[in-house]
Structure formats: structure tokens, C-alpha cells
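Presented sequentially are two complexes of chain A, the first with chain B as partner and the second with chain C.
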Partner chain A sequence: MLSRYVFRHETILALLLVLALALSANLSDRFFTVDNLLNQGRMLTEVGIIAIAMTFVIITGGIDLSVGSVLGLSAITLGVVWKTLGVPLPLAMVVAVLVGALCGAVNGLIIVKSRMPPMIATLGTLALYRGLAEGISQARSVRGYPDWFYVLGQGEVLGVPTQLWIFGALAIVAAVILGYQTFGRVTYAIGANETAARFSGLAVDRSKILIYTASGAMAALAAVTFVSRVSTTRSDMGMGIEMDAISAVVLGGTSIFGGRGTMIGTLLGILLIQTMKNGLTLAGVKGDGTIIVIGSILILTILISNIANRVRD
Partner chain B sequence: MKTLLSIAAGLALMAGTAHAEDVWTGGDSQPTSPLACDGAAPAVTAVPYNGAAVKGAADLKGKPISIVDVPKLIGIGYFNATAKGVAEGAKDLGSVTAKTDGPTKANIDDQITLIDNYITSGVNGIVFAANDPEAIAPVLKKALSKGIHVVGYDSDATPDAREWFVNQASFNGVAKALMDNLASQIGEDGSFAIVTSTFTTPVQARWIAEMTAYTAKCHPKMQWLETVEAQEDNILSFNQANTLMNKYGDKLKGIIGMTSVATPAAAEAVKQTNQCGKIAVTGLALPNSMKPYVNSGCVNGVVLWSPADLGYAAVQVMRAAIDGTLKPGDTSVKAGKLGELKIVNGSVVLLGDPVTFTKANINNFDF
Partner chain C sequence: MTCLLELSNISKSFAHVRVLERVDFDVRAGEVHALMGENGAGKSTLIKIVAGVIAPSGGEMRIDGEAVRFSSPKEANARGIATVYQEMLLFPDLTVAENIFLGHAPRGPFGAIDWSAMRSKARALLDSLDSHDLDVDTVVGTLSVANRQRVEIAKALSQDARIVIMDEPTAALAETDAKRLLDIVRRLRDRGVGIIYVSHRMAEIFAIADRITVLRDGMMIGTRNRGDVDQPTLVSMMVGRDIAQLYPKVDVEPGEVLLEARDVCCGDRVSHANLHVRAGEIVGVAGLIGAGRTELALTLFGITPATSGEIRIDGKPVTIASPREARDLGIAYIPEDRGRQGLVKAETIAQNIVHPILDRISRWFFVNLRTERSLAAQSIKQLSIRTWGGEQIAGQLSGGNQQKVVVAKWLGTKPRILIMDEPTRGIDVGAKAEIYALMGKLAQEGIGILMISSELPEILGMSDRIMVMNEGKLVAEIPRAVATLESVGAAMTNVDRHQETER
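== the complex of A and B ==
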């Protein structure tokens, strides 16, 4: 009975995280400070927000490679709608999120209606959305946002970075939906056996479109906090962020074949990667060394988890 | 579905019409100051100090300091050379521990995260080459507010986010050197294209703006066909050069590479299609990467400064700023083996004039 918990992927991950935290604190006395930890929280938000939605996508057995481009397109939309079209900034933020949701919905429609594999469909829109972003922006960056806007990405609420509150709230809502709501059950069912889910009368297509739409909207939300954090808008924003998000999700134990995964796992995955990045830099390891370690951790963790699985069975 | 399609079509149209303006050169929109066609020295106007001030820095005059050098990216020849210069500058000073660490791709977010981590780790100074002048500003301001000195080189941030910036060569000087070099090869009515990094990379955008102004003033009949982006990627630059040759055919007489990666890639593309002599290649490039093309006569000459000197100067300026020997209002600064460097535009330290590398002198340089 006990072994069921000990050999769970999340338990192994949590142990690794504790180990990484202890090691980092040991290597540098500047790691375990409130300042540094909150700052790390600020920096993991964008990847985190995207990874939340990506967890749903991957549990259905799909993948969304276009999120980085959606982030770029939404960021450009925010800048252009506000600066060039003169729309008030709060409204422009809403438009940006809607554009992201629209991008996601297009992904979902292509995947559902044409039965195209998600990897191909989103690989296509990865290029398409980035191209639109670059075309619309004309390679000019949009700058000079009002001060209140920076509160979102650079400010604090009750001593905690603003975007960390947003991330936390989203993570809790997503965890509840995935773990305790019918929609979550349907998500797992689609990933475990799509045909069976269909014959059980579940709204497979509608759920998938919703999930990809949410993925786009979350990428757009990440875009808004990202623009606020770096105080400028560029069309190349978010390039490659899909890989960071996918890494965190699979490190968190979500099966790339679908049907298995938890929100807690994804959160642990994100925290572990960020801890390693930060801890190693503070310990004096250079950037190239850090990514080698992170790649190895990813492979090793999945390997250990697979072995533990066999032992458990 | 129909509405979706029409929205997508609308977006595509927006992108399309925006492209239909006259030739997009890729320059920025700041004012330009082209040099005289005959190279007469421009009049110098004094500008008050416009850099930032560091808050609550400890007095480290003459004491050992540790600094970090954060280039745009690591793993390319150019920034390897600046890193060597940084190390050499630190060694000459004796009291400076310098370390170079940068993102593996020229990515704004990775660079910001890296700098943020070094602020936490408690360095005394940060020297940087920015991937985006605006995006890097908040994290540099954070460094300044924590008593960390900040000096830029190669690619600047907004002036209020750093104390000093070491400029490799004046923008209009580079523009003149490149355009004169090209005009001497393809004639006053030749057509040419540009391969740059990205349109938003501040330093390239500035050069291109100056080149546009200088071309209009001194080579008015030359035709600017197109500017294409190739990041700072070898394969992409090679492909872009090939695309330009296929697209314009005989009309294309010259290619200018705006990055140390694009120029050799363009030269290789011209060589592989046997168009040496038919299409002139020039641009900014490291001598070592251009030796085969220059020595074989495929490329006439390329322009650059010494990136090692640039890194060297950045460390020297950092030490002077920390020691207080370089203060707002100064008109020059002592930089070790480089001697006195001029300060222009309020807070910009000028490294010197660009060098043109030709068959006659390229073998004397090794970087």
C-alpha cells in the first residue's frame, strides 16, 4: 500500500526538488533568500502559465507546438492595437487574449475537423502565426507603455510578484478542473482511448477544441505579462518557449501518449527546472553547462520513474 | 469557420499591405548624420552626460572587483573575441576577476534571466551587449539600484539603464566605410541587397539607417533592392544570400553582410554559384573568417574594428567608473594599452575608426 505512494512519479519529483533546493542552498548563500525565490517565481510565470494548458493538451494525447508563436502574435497584437490603432490599453489587453484564443481555436478546428495529427497542425501554425506577427509588426518594436501596466510584470502585490498571483490562481483552477470536474475526466478519457470515449457519448471534438482554445488564450495571457515584464513588444517574443513548457509537462510525469498526468506533476516539473537553472548559475556554472544538466535531469527522471513503475507493478 | 477564415484573410491582408510600402531598408527611425562624402571630419557638439547613476555602490576604489560579461550570445567568433578582450583587460588591470556568460541564442528572455541571476549572485559590475535596448533596461536598472555598475559595449541599452557605452566605431563612420567600399566595386549605379541580423537589433538598425542617409547623399544613383533578416545564423544567412541571387538575377551586383556571420555566408554563397567578380560581397566580418575569400580574390575587402579591443575597453571603462576616475562630464578616459579614448554624445566611449581589411593587410590580423 505504502509503495503505491513512494513510487509515484510526483513523489520522486518532489524528492528531487527538495534535493535540488538543498544543493542550491548549499552551493550559494544567495539562493535561499526571499528576494531570490520570489524573483525566480516572477521568471517562471510565462512558461508556467503555458505549461498549465499544455498539461491538458498532452493528456488528450495531443501537443501544441504553436504556443510560442501565439505568444509573439498576441504580444504584437497588444502593441499594435494599443499604439497604432489607439485603443485603450486595458481593452487592447483583452483583444490580445482574444486573438490568442482565436489562434488556439483555429488549431483545435484544424485538428478536429481534418483529423490532422496535432504535431503537424501546430507545426504549421507555429510558422503561420510567427509570420503574421512579423508581418504585422513590420519588425518595429512597440515601447513606452504607461507606468500602471508595468505593475503586472514588474510590480508586487502584498510583497509577491503580481504575475505569481495570476499563475497561482490559474494553477489552482486548472488542478481542480483536471482532478475533480467532469471536464477533467473527459480529458483523461480522450487521451486513454479516444475511440472508446467517442462511443461512450463524450463530447470529444468539443472538448478538444476547448482545450486548444484555452492553450492559445493562456499563451496570450503569458504574452501580456511578458510584455509588461520586459517593457517592450517584439515579434520574436516567445520563440522556443513551447519546448520549455513541454519539457516541464513531461518532466512532471504527463505521458506524451496521453491519458496520464497531473497538475501537481507539472508544477513540480516547472519548479525543478527553474531551481536547477537558478541554483547552477548562482553556483557559478555557465549557461551552456546548465542546459546540459537540465537535459540530463529530464531523461534521468523519466528513466527512474519508468523503473519505479515496473517495480510497483 | 467562415468568420475564422475571413479574419485570417484580414490579418494576412494587413500584413500584406504593410509590406507594400517603398523599399524596407530595416533602418531605425532615429535621426541620421551622414558624414561628408570626402571624409571631412564632422563638427563635434558637446552633449551633457545622459547615462544613469548607480545607487548606493560600495566604495571599491582600487580594491579587487568581480565582474560578469554578458554578450548577446556565446559560441560565435565575434563574441569569443570580445570575451578574450575582456579577459585580457582584466588581466592587465590585475584587480579584476571577469567571467563571460551569455545565452546560447540571441534571445532577449534568456539574457535577462541570466543578468538577473548574476545580480543575485552579487557581482560588482556587469558589462553587456544588448539583444534589445528596451527589453534589457528593467533588469539593468535593477542592477544599478542594487549598487552594481553597468557598462555596455557593442549593442547599447537605453541610456538611462547603463552608465557608459563603449561604441566600436561611430555609426556614420561604419556606414561610410561600407558604402564607399561597395560603390568602388559595383559603380555608382549598381544595385545591392543587405543581409542583416534582425530588424530590431539596435546596432544593425542604426548602421542601416546611417547607410540609407549616406547613400542618398553621396551615392544617389545606387539602388537598394532589399534588406533581409538572417538572425546571426550561419545557414540562414547562406540561404538568404542564395535567395537574393535567385530573386534578382543579373540585377544584383552587390551584397552587404551586416553581421560577422552573414558576410562570410554571403561570400560562400557567391563562391559556390561561381559568381566571384560578378557579385561583390562586402560587409562587417572577422578577418579570420574572410581570409579564404579575400586571399582568393572573391571578396575585395570587409570592414570591422577589433572586437578584442572592444571587450578590453569595456573592462577598462568599468574599472574607471568603479574607481571614480571616469565621471559624468569627462571628455576622455584612459583605457590601458588602447590609450585615451574619446567620449561623445554624453556617455558614449568611442573605440576608434573602423578598419578595412583587404588582401594587403588581412593576414596581419588574427581574430
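== the complex of A and C ==
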């Protein structure tokens, strides 16, 4: 029975994380400072928020490649609606999130109604939404947000970056839904055997549309914190962030074929990637070197986990 | 007569499970040797050994008296053994001629394929099978099932096969095509080819086989000449006991009409179905594969909702547009394909059992884990599912126990109408008997059961009434008292096959 826990993917990840933390602390004495750690928390929030929803998407056996573009489109929406249309900023934030949710709902509807593979559908909307973002922005950035808005991305609450609180709350809610609620059960069942889920009377189509909608809304939420963090809005925001989110989810042990994965795993995956990025940078490794290490760790971890799985069975 | 192929003492186990035990089997030149047995009796394993797909764990195989060991189908092929598979293994985008000669096309100078030789050889082969109507340049994907099968047979012959294995070749064929296929089999036999013929259709076996070997639970029960055996004897050889013992039919006084279908259609797959099921009644639905039985069930269960007609529950008209609605009306469906439709194999028994009732066992969307555990424990006990507990992964169970999990999962919805589609397919005789006993018990409790089955003994043994389906229509209704293999079989195929049996 003990081996069931020892060989769990999450256990392996946690050990790797401790190892990465120890190594990073060893390489640079600036790593283990409160300032640095909190700042790293700030950095990982956008990928983290997207990865939460991506975990659900990938557990159903799907994928959402369009989240980076949704982030860009929502960011531009926020800027343009506020600055050009003169809508109050709080309302503009709501509109931005709604636009993200709409983008996600469109993804979900295409996937469910036309039975198009999620990879193809969201590859299409990846281009489509980015194109819209660029068309709306006309290569102009929006700046000069009011000071209160920067609290979200640059401020602190009780000494912790504001967006980390939001990320933490979202992660806990998502973990509860996935682990303890009916919606989580349906998510796993869809990924493990969609036909059987349908034959069991589960609301397969509705759940999938809901998950892709949530994925879009979360990308939009990430857009709002992103804009607040960097004080500006540009149409190329979030380019490639889908790959960071997918890497974190897969590193976290979620099966790309669906049916398997946990929120804890995703969180560990995010932390591990961010720790390595930061630790290597502080140790003076250049950016390209960092990417090589992260890629190798991703492949090695999955390899070790697969071998451990075989040992366990 | 000389034996082309001789198997002696062949055994095979998969992970401690014996699927074949010391089986002797032989094929002579110019004979049709039928292989019969229930699902799971070991027929497929035996023919896979002959075809070189799997290696036996013990025993000896000889061709022309010479011991052989195949490590791949290719080696079996080289020794003149060809298989016509149930699922067609042709390339749909290639032409008839290309498929026939795939991998051994006639070559011209410089190793180039000699297309005209290939086409004329293919033509000659098809002519020799009396298939003059089949064009060698047609793309295989556009052909009917029957024609594809002829291509497969031609392909087997093109490799100079001396032994041809046919695994339920007529299962997917309409009557006239099936007859034509039997003619082709006779032609092959007359040329001196030895044929191993697997089929469930009794009439066909008696029409074509020279000898019949029966397997049961991996053991060889016996080999008989066709003239020395009759149908009831064969059936009891296959099931190993009297039918009355295997099918513990409980007589229940039928109650109110629970489910009624009036002129129900679903596209062109179900047309004007009229039927009713009473409380405590078991209604059997017989028919050939493709007759529309499963489609009827899927319509009643809301997977493919009815396009016209009326469904009534307790006399009240209802619409059933989804499985959830069907469940809420008290209908449960145990699907024919356990692995694909019935179970999420990667999840635990407990998780599977609560799938259809997740909404009922949760509060504020939280799944009540205690209820889940106790439901699983209850089901395991009630259906005697052999497992170490509800936390075991469903896919690790044997076929019979997996089927019990599917049954348990749907009984958990407290259904009043239970539709069972091939309830005992691919499970062992012991588990079968348990499923039958359970059906009797459920009927006693007043549940109405609609049972779809391709196994006629099961239909005859368990049903109070038998509905026969043919090409999307319910064509006959036969009460238990007057139902026989012949009467049901004739309605299924719409012609009197009795004459052929007498040949």
C-alpha cells in the first residue's frame, strides 16, 4: 500500500521541487530571500491561472492552444474599452473577462458541435483571436491607467502580491471542484472514456463547453493582472504562454490523453518550472540555457514517472 | 485421407488463465471442418495459433506431418495458411487487384510491378470464385461487405493457400450474400483446400461442414461427422448441460404494461417498431447483426432519439431525448460494448457504479463519498463481484465481473425497465449463469426486461416472449411456448432455411 504513495507522480515532483529549491539556494544567496520568492510568485501568476483551467481541459482529453491569443485579445479589449470608448475601468475589466469567456465558449461550441479535434479548433482560433487583437489595437499600446489599478499587479495585500491571493483562491476552488465535486467526476470520465460517460447519462457536451468557456475566462483574468503588472496593453501580450501552461500541466502529471491529473500536480509543476527559471537566471545561466534545462527536466520527469508507474503496477 | 494440418495437445494460457487445454484438431485436404463453441470457449485463440498470430504454450502443430512453429503470421502464410478475418483487413483506398496482390505482386524486369499481369491474374482468381461481376479496378472502400469478403478470399488464394481459416464469415452478410459465400466455400473445398470454418449459425454448419469440433471453456469436447450429430446434441455439447439448467427461467405473472413503443422510427435504422414490455416480463429481441436491434435500444434510451412515433411509459406518452431523461423515466440500458460504452475502465469500481447517479448522491455538488463506498460494497456483495474492493480499477476485472459492474451501475438507478444488449457476450459460463439468475430475480421484483441477444439458446431459454427484428423492422412476435430454434431463425433470416439443413 505504501508504494502507492511513494511512486505517485506528485511525490516525485515534490522531491524534485525540494531539490531545485536547495540547488537554487546553493547557487545564489539572493534566491532564498522573501523579496525574491514573493516576486517569483508574482511572475508565475499569469501562467498559473491559465494552467488551472488547462488542467481541466487536458483531463477531458482536449487542449486549448488559443489561451495566449485570448489573453492578448482580452488585454486589448480592456485598454480600448476603457481608453477609447471611455467606459469606467472596473466595467472595462468585466467586459474583458466576458470577451475571454466568449472566446472560450466559441472554442467549446466548435469542438462539441462539429466534433473537430480540440487541437485543430484552437489552433484556428489561436490565429483568429490574435488577428482580432492586432486589428483592434492597430499596433498602438494603451498606457496611463489610474494608480488603484496597479494594486492588482504590482501591489501587496498583507505583504503578499495581490495576484497571488487571487491565484491561490482560484487554485483552491478548482482543486475542490476537480477532487470532490460531481463536475470533477464528469471531467475525468469524459477524458477516460467519453462514450461511456455519454452512455451513463452524464452531461458531456455541456461540461466540455463550460470547461473551454472557463479556460477563456481564466485567460482573460490573467490578461487583467498582466496589464496591471506591466502598466501597459499591447496586442502581442501572452504570445506563447499556452506552451508554458501546457508544460506545467503535463509536468504536473496530467495525461495528455485525458482521464488523469490533479490540481496539486499542476501547482507543483508551475512551482518547479518557476524555481528552475529563477535559480538558473540568478546563477548566471543565459535564457537559452534555461529553456534547454526546463525542456530536459520535463521529458525526464515524465519518463521517471512512467517507469515508477510500471513498478507500482 | 491425408491430414494437411494436425494439432495435438495444444494448450495456451494468458497470465495464469488457461484458455486452451490439450486440444487436438486436424484439417484434411478438401474438407470443411467447423469449429463451434460459445463465446470465450477458445475458438479465436485456437485459430490465432494456427494463423501464427500467437504461439501455443504447449503441444505440437504439424503440416504435412512435419512439425512447425510459427513466430509470425507471415510464417504461417508461407506454409499455405491464410485467414479471412471477421474485421476486414483490406486497404480501402487501393483497388481490388492491388489488395489481392499486396506484398506479392507479379514483377517485371528491374523489379517493377507488372500491372497488366497483376490485373489479369486477379481477374482469373475472381472468375474462379464465380465473381465475374467484381471489377478488379474498383476501389475496395466502395465495395459491399460481401464483395470485400470475396476479395479477401481471392487474396488468400493468390498466396496458394492450402488451408483457409474463416472466422464467422457470414456474420455481417445478408441472406443471399451468405448463400453465395457458401457456394464459394464449396468451390474451395472441391479444389482440395482445407477449410476451418467458425460460425454460430447452426443451419450453415449443417449445410457446409464435413466434420464439427466443439470447444467449451478451452477444452475439446469432441469431433463429430456431420451425419452423426443433430442440433440439440451440438447445443448441449457447447453449453455442457441441459438448456433448462443453464437458463433458470422463473415464471412470473406479468403485470402492467411499463413500456410501450408505437410506430417508433429512428432514421432508416428503426422503422415503425411496435412493442411493449410488462412488469416482470422478459422480452427477447432476436435478429441478425445489423437488423437494427441495438439501434432500437439506443432510441428507447435516448442516445439516438426517435424521429417519429410514440413512446409510452405507464401508458403516458413521453419524449426521451437523452440518456439522463431515460434514466429519470426509470429506463436503464446495459450496452453491448462493455469496454467502450459500459465502463470507464481506468476508474475504480465505486466511481463507475455512481456515474449514472452522481446528481442523486451529491449535495451542493459534493459527491458523498460515504454513500459511494457503501453503494459499491453493497453491489459487490449483491452481485458477488470478484474483487478486493470498490477501490479496484474496473479494467483489472475479468469480463464477467466487469459486466456485473455495468449491471450494478444501472441497478443503482433503481430502474423499472432494464434493456440488456448482449448481456452475456464474451463472459464465461459461470458468470453467464449468475447473470441469468439475476435476470430472473429482477423479473420477480417486477422489473420489465428487454433482452437483445445474438445467441438463440439464450433468447429461447430466458424470454417470455420473443420479438424478431429484420432490417429495422420488428417482423415477428413468438410466445415462449411455441418458440423453437427453427421458428425464430426463420423469422430472423426471412426464409425457410430448413430445406438447406436437410441437404
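One rule holds for everything that comes next: the second predicted complex is superposed on the first by the 313 of 313 C-alpha atoms of A that agree within 3 Å, B and C clash if a C-alpha of one lies under 4 Å from a C-alpha of the other, contacts with A are read in each partner's own complex, and residues count from 1 in each chain.
Note that a contact is a pair of C-beta atoms (placed from the backbone, for glycine too) under 8 Å apart; a residue touches a chain by one contact, two chains touch by 3 or more.
None of these values were measured; they are calculated from a predicted model.
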item	value
When chain B and chain C are modelled together on chain A, clash or fit	fit
Which partner, chain B or chain C, touches more chain A residues	B
Touching partner for A:105 - first (chain B), second (chain C), both, neither	first
Partner chain(s) touched by A:195 [first = chain B, second = chain C, both, neither]	second
Chain B versus chain C as contact partner of A:282, first or second or both or neither	first
Which superposed partner A:11 touches (first chain B, second chain C, both, neither)	neither
Geometry of the superposed three-chain model: angle at chain A (Cα centres of chain B and chain C, steps of 10 degrees)	130
First, second, both or neither for A:180, with chain B first and chain C second	second
Partner chain(s) touched by A:141 [first = chain B, second = chain C, both, neither]	first
Minimum C-alpha spacing, chains overlaid - chain B and chain C, in Å	21
Residues of chain A at both interfaces, chain B in one complex, chain C in the other	none
Interface residues, chain A side, partner chain B - complex	28, 30, 33, 35-36, 39, 43, 102, 105-106, 109, 113, 131-132, 135-136, 138-141, 143, 150, 154, 226, 229-232, 234-237, 239-241, 277-278, 281-282, 284, 286-288, 291
Chain B residues within the chain A interface of the complex	1, 4, 7-8, 11-12, 14-16, 18-19, 24, 26, 74-75, 99, 101-105, 107-110, 112-114, 116-118, 120-122, 132, 134-135, 137-138, 198-200, 229
Chain C - residues contacting chain A, complex	303, 322-324, 326-327, 333, 335, 340-347, 351, 354-356, 358-359, 362, 365-367, 409
Contact set on chain A toward chain C in their complex	177, 180-183, 185-186, 188-189, 192-193, 195-203, 259-260
